[in-house]
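Dumping the structure here so I can ask a few things about it.
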Amino acid sequence: MNLKYLMTITAAAAVIPAMGFAQDAPAPGFDEIGPYIMTTLLFLVGGFLVFWMAAGFAMLEAGLVRSKNVTMQLTKNISLFSIAAIMYWLIGFNLMYPGDFNGWFAPNFVPTTLEPVGVSAADVDLGYASVGSDFFFQLMFVAATASIVSGALAERIKLWPFLIFVVVLTGIMYPISGSWQWGGGWLSEAGFSDFAGSTIVHSVGGWAALAGAIVLGPRLGKYKDGQVHPMPGSNLALATLGTFILWLGWFGFNGGSQLAAGTVGDISDVSRIFANTNMAAASGAVAALILTQILYKKVDLTMVLNGALAGLVSITAEPLAPTLFGALWIGAIGGIIVVFTVPMLDKMKIDDVVGAIPVHLFAGIWGTIAVVFYNADTSIVTQVTGIIAYGVFTFVGALIVWFILKAVMGLRPSEEDEMNGLDTSELGMEAYPDFTKG
Amino acid sequence: MNLKYLMTITAAAAVIPAMGFAQDAPAPGFDEIGPYIMTTLLFLVGGFLVFWMAAGFAMLEAGLVRSKNVTMQLTKNISLFSIAAIMYWLIGFNLMYPGDFNGWFAPNFVPTTLEPVGVSAADVDLGYASVGSDFFFQLMFVAATASIVSGALAERIKLWPFLIFVVVLTGIMYPISGSWQWGGGWLSEAGFSDFAGSTIVHSVGGWAALAGAIVLGPRLGKYKDGQVHPMPGSNLALATLGTFILWLGWFGFNGGSQLAAGTVGDISDVSRIFANTNMAAASGAVAALILTQILYKKVDLTMVLNGALAGLVSITAEPLAPTLFGALWIGAIGGIIVVFTVPMLDKMKIDDVVGAIPVHLFAGIWGTIAVVFYNADTSIVTQVTGIIAYGVFTFVGALIVWFILKAVMGLRPSEEDEMNGLDTSELGMEAYPDFTKG
Amino acid sequence: MNLKYLMTITAAAAVIPAMGFAQDAPAPGFDEIGPYIMTTLLFLVGGFLVFWMAAGFAMLEAGLVRSKNVTMQLTKNISLFSIAAIMYWLIGFNLMYPGDFNGWFAPNFVPTTLEPVGVSAADVDLGYASVGSDFFFQLMFVAATASIVSGALAERIKLWPFLIFVVVLTGIMYPISGSWQWGGGWLSEAGFSDFAGSTIVHSVGGWAALAGAIVLGPRLGKYKDGQVHPMPGSNLALATLGTFILWLGWFGFNGGSQLAAGTVGDISDVSRIFANTNMAAASGAVAALILTQILYKKVDLTMVLNGALAGLVSITAEPLAPTLFGALWIGAIGGIIVVFTVPMLDKMKIDDVVGAIPVHLFAGIWGTIAVVFYNADTSIVTQVTGIIAYGVFTFVGALIVWFILKAVMGLRPSEEDEMNGLDTSELGMEAYPDFTKG
Amino acid sequence: MKLIIAAIKPFKLEEVREALTAIGVRGMMVTEIKGFGSQSGHTEIYRGAEYAVNFVPKVKLEIVVSAAMADQVVSTIQTTAKTDKIGDGKIFVLDVESAVRVRTGETNDDAL
Amino acid sequence: MKLIIAAIKPFKLEEVREALTAIGVRGMMVTEIKGFGSQSGHTEIYRGAEYAVNFVPKVKLEIVVSAAMADQVVSTIQTTAKTDKIGDGKIFVLDVESAVRVRTGETNDDAL
Amino acid sequence: MKLIIAAIKPFKLEEVREALTAIGVRGMMVTEIKGFGSQSGHTEIYRGAEYAVNFVPKVKLEIVVSAAMADQVVSTIQTTAKTDKIGDGKIFVLDVESAVRVRTGETNDDAL
């Protein structure tokens, strides 16, 4: 805030005695509290937009699985969000944002507490935002990470082992690795840059999904006698809706990550981020549109949807610095990556039902590298260091957890149960009971 | 706004003549108008979020009815919102917010008028917000009340009697009882506390639905030879989408009810409300998730959805005061209530198609009672008084209206029409005509 | 910002030396930057709401086409938005907002560039908003225009010719005609008034759609042996969802068009606009509800949905000036227009799959005329002049483009391809592969 | 053995199934069909345009029973599915040469 | 009486129905089926993976007519459903022992 | 010619189709049906209420083959669709009087 300005008034005040400026403390002017209010608002609006992404993941995944596994996919999505919300409060938030702490081990597992009701300006950090809004905003990010995993492992993993993995991922793994950078840990000190989380959120989700997909194996019949047997999604309208929801939520995801909105510079930067985010999504979609037409002589809607999302993931590591043209080509490459890596994974017999690994992991890596093109303060070396650090920690960590879960309780339903679909076999409830499936 | 500060400037002004501070009146500084602008913004953003809940109810209900009644359910939902919007303008708003008036009778039925275009700061209450934003925000609440009724009575009530009930509920019943508390009526004087409307909005909707369900009777074949015959919802993806939409809208529902956002304390309180609201929904969902697994050995997605909503309703009466842990257990109990009361209603042969009564009425009562745990200024006695007052007034009032409608025009279609579904029999239009139902 | 007030302080500063006000430049107070921040925020929030309308159009159209053309409709919708985003950046924005330039020809085709990162208050127009937010907001409008066309021409136009038309419409046609009014061109000088674009956005989309529908001809079998053969939409739940999404987005569409939110008058006007917009939608829906009941003895949900949208389009040309009652009757007439013109188009053998022409063109014309009832500064003559100017330019321009496309690459698939549905014949991908269609 | 094919009104399915179980029918195949017959041809309005509905939803039952049971099954269906309104449906009887139960390989009457 | 079972291309349904009505067929049962035959086996691409489509959507007609009418019905279907492209479909004729109209109890030819 | 009607478990469809192709069956009609039989009647819980599931999803195959091939087709289906669990399904054989290929007008065995 504008100190000199305050002085003016105080000085002026001095002229007229008995005006006791001190008493004013309880009600400081907007120059002092404006930025706090605006940034808190940014977190609240950004936060509910990112919350909305949970619905986006749910619809995208429900649309891309077969009708016999839709109820299960919906159950996983709403449950994982709810569990993430609780775990992040219970230990995650304070594990991730200790400020000082570098995240290698958790000194104190303490649940999150917010500022008191009706807190006064004197008792908050007027340079930032309310703890409540910050917690609300950050919480949505960890949920996104977990959603990424559910999509990749769809149609073949039992409910409970998956949810237990979510507990570990959202309560411990994500917060620890997140603290390296956003908690002010060693990577941030090393100069790593990941504005809104191409690596910290998306690649981490992708790594956990990759580990799971490997341990779990493909859906029955997906790869038979050396051939890929596609299992088309049951509802592309839902899948498209989900993509639009994610696109919308991403404005909050990237825009809110400016972490400030109370100055001309900050709010203008948020605008820049909105514009760039939109451009990257659009170019990712168009890239996939054109590329699938060229490669397959037919446009593949599911690839266009993945392309838009890949564009979004690609720009997430640096949505501020690039020009609109920069956002365009960075996003477009994200879309291209998806079109080529989706079939590649199939060749490797890694079964990723919704394309989560190409979209979030591969495009996430690309986006993290692309930072160096527009952000002069970054170096390819530190970027790659970060990518590797998150990859090794999350992939290995996830592998271990998946193996333990497999040993202890098993990950997959019986063959017949999987064939009949998890909805009837595990939940005894169809998503579309009135409709004749064929 | 900060009076002393104004004095300062004025005084300072006095020192330097010819600066004509008076002329400044048309353009006061942000210290004066900032809170008004922020609170108005809170109402606008909160308002469009609560508007979104109308879509949430529509999707939730469309997903939980059988495919042969989906068009009807959608028609009821968009119509009831539209009617509520008109009735609340026509008489509701001024009936509910007379300030002084205690709502027992309506002295003047006058439509709502807003402030003039480009109103000047001098002509508004700078301590609150624009009438337009306030009206917009409040209007969305009455629509929510009506939506609750449509879900409970689905699949067996004719369109027009239902819509006429909506006219009475949104134009007269809700505004009158609402004025007791939010209009500054006798209950608010008595010290009743219902922050965002667990009772005033949700229980009221639930009471009206209960009265309707009793007068209407169950769907044909629901309770045959002493057995409950479930009629599974036709589209759980829509039902889940609807739940996510409602969850999102609830941030506006509870957050906007802070009714102020222009000070550090207020915006921080809104943040607290957002965080608590999210926590209660999450814990409600998790409670239902675990409980259905224990009780039925299988997770019931529809219960998890209801659980999340029950968590939201439970925290609505006091989303500010509780700690995050408080929100967690209050919401969890809401989720538990739903799991136990849904089958209970079936045992009583009260047919509630979407679980609206457990979610909005029972959890609403719980939430209103739970206020006493974190809000020292409340007493269980006044809370119960309020619950009973709203219950008696709404339930009896609704019973009377339902009986009159039944006598005058009949509530139910013919048996064969109901069997064939209201979509073809009443509207001549299927929701999913291309698909083979089975 | 408030000049006199600045003087005060400066003067006051003069009294107490050594306070060096000059140095303050980098950090001006909220009285100076508040309006800029609030208006930028208005554009960002309004912008993401209008973005959301793209999803609304996609769902509405996917719900109103037959199941065999859903994948294609979804592909068109996400692609057209992405293309619009790129074209508007590439040339559209600077073609439309040259300020001085009247848009008859484009002197310079230059891509959009935003202000630098962390721009300082001194380098922006504190009286308006950030370029980034402005661009983001305006961009969403052109996308809406293109969405209107896709709905009308659904189920029978090939993907690529449609997308090429979108390139021309969003890159050249819309920006040129838009500049006449919003770019400060001849129509604005002539006193034409179209607050948020009943004509500039909606009618323009409608004219382009009409031209396309004429050149393209109706779907096979739609008009056989002098009879209309309805082809019911495959998913009315999606269509209803789409309508709710559009309704929500419209608050940003009209509210954001106030182009200012940093004063009491502006934010109160935005509130007024929100309330009026909601009222017009509600009355449009109710009008269609009652009218279809009277005309056909049965309520037609698709008409109610169109009615709500027509109400929204009708109020878009002047959402600020009318009273709530004004919004009510203006919107209601919009709803009535739709109910009568949908069958009228069928009689003229113009096949508009989703009712885009009645909703956006006819109601758009009505809304533009209705301006004169509440806005004293407008005249019916200039309003009609504008309507005609946009009609002639867009309809003729579109006709030419459609004819060229038809000649060069053909617009329609083969008869059998159209019969089998574009999903399988053009894209080789069904939207609902698991379900038995009948 | 005989194959009995019946087209009935969907909302009668449950009742008919119960009646058949009561007389000892132990299995059947049920298919949603579009029926065309005298009932067809009523008109609907969609977005202001009248059109004839040529097909009405029906349920088709296919039941294989021993020749001895056939008549009883037919009359049971006929009496239960009856609403005396047009569109009640039809019952057809065809001869079946042989039957096999997949699980056990049992044949003919033992397979039913 | 005869039961005529025909599998045809979905987009031919309306045309065939009209042609049959024209020659006096007063009822039929229509079912959406997945057809397997010589036409099957073309390949599609989904997310970059080629796969063979083994089943193509067809519509199955089941029509019971008096023995006398059978041949005419068969030839009408055959000529109307014909597109000379592979996958046009098949027509089969089976013998029906008896028929009953649910509503009236009329039997055999009177039931049709 | 014979019409072979088989009701099998849905997840066995692909396997059975392959087995039949292997022995030279060149076409069939596949329909999703609701099956009722000894397997039926297990209970589910929906929103806390137990209910009996009377119908289980099955797939119905209809295959017309030359009389000579019939037995082989039946035994192939029986062996392939077998899981030894209740609900494996049934196979019925009916006589077909005549067949026509729509595209060419070929009749009987040539039509298959």
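Quick notes
Just so it is clear, A, B, C, D, E and F label the chains in written order, and each chain counts residues from 1 on its own.
Just so it is clear, a contact is a pair of C-beta atoms (placed from the backbone, for glycine too) under 8 Å apart; a residue touches a chain by one contact, two chains touch by 3 or more.
Remember, predicted model here, so these are calculated numbers, not experimental data.
Shared contact partners of chain A and chain F comprise B, E. Listed candidates were B-F, B-D or A-F; the one reproducing the C-D interface, defined as more than half of contact pairs identical by residue number, is B-F. Taken over every residue number at the interface, the positions common to chain A and chain B amount to under half, indicating a different-residue contact. Spacing of chain A relative to chain E, judged by their CA centroids, is 52 angstrom. Computed from the mean C-alpha positions, the centre of chain B lies at a distance of 31 Å from the centre of chain C. Multi-chain contact residues, meaning those touching two or more other chains, occur in chain F at positions 14, 30-32, 34, 45-46, 83, 94-95. Touching two or more other chains at once are residues 9, 12, 15, 29-31, 34, 41, 45, 232, 235, 241, 298, 300, 302, 428-429, 432, 435-438 of chain B.
Pairs of chains that satisfy the touch definition comprise A-B, A-C, A-E, A-F, B-C, B-D, B-F, C-D, C-E, D-E, D-F, E-F.
Remark: chain B residues 221, 416, 419-420, 428-429, 436-438 touch chain D in the complex.
Across the complex, chain D meets chain C through its residues 32, 34, 45-51.
Of all residues in chain F, only 1, 3, 14, 17, 26-31, 62, 64, 94-103, 105, 111-112 touch chain E in the complex they form. Interface of chain A with chain C (complex): residues 1-2, 4-5, 7-8, 11-12, 29-31, 34, 38, 41, 45, 49, 66-68, 232-237, 240-241, 243-245, 247-248, 251, 255, 261-272, 274-275, 278-279, 281-283, 285-286, 289, 298-302, 304-305, 308, 320-321, 323-325, 328, 432, 435-438. The touching residues of chain E, counted against chain C in their complex, run 10-11, 14, 30, 32, 44-46, 57, 83.
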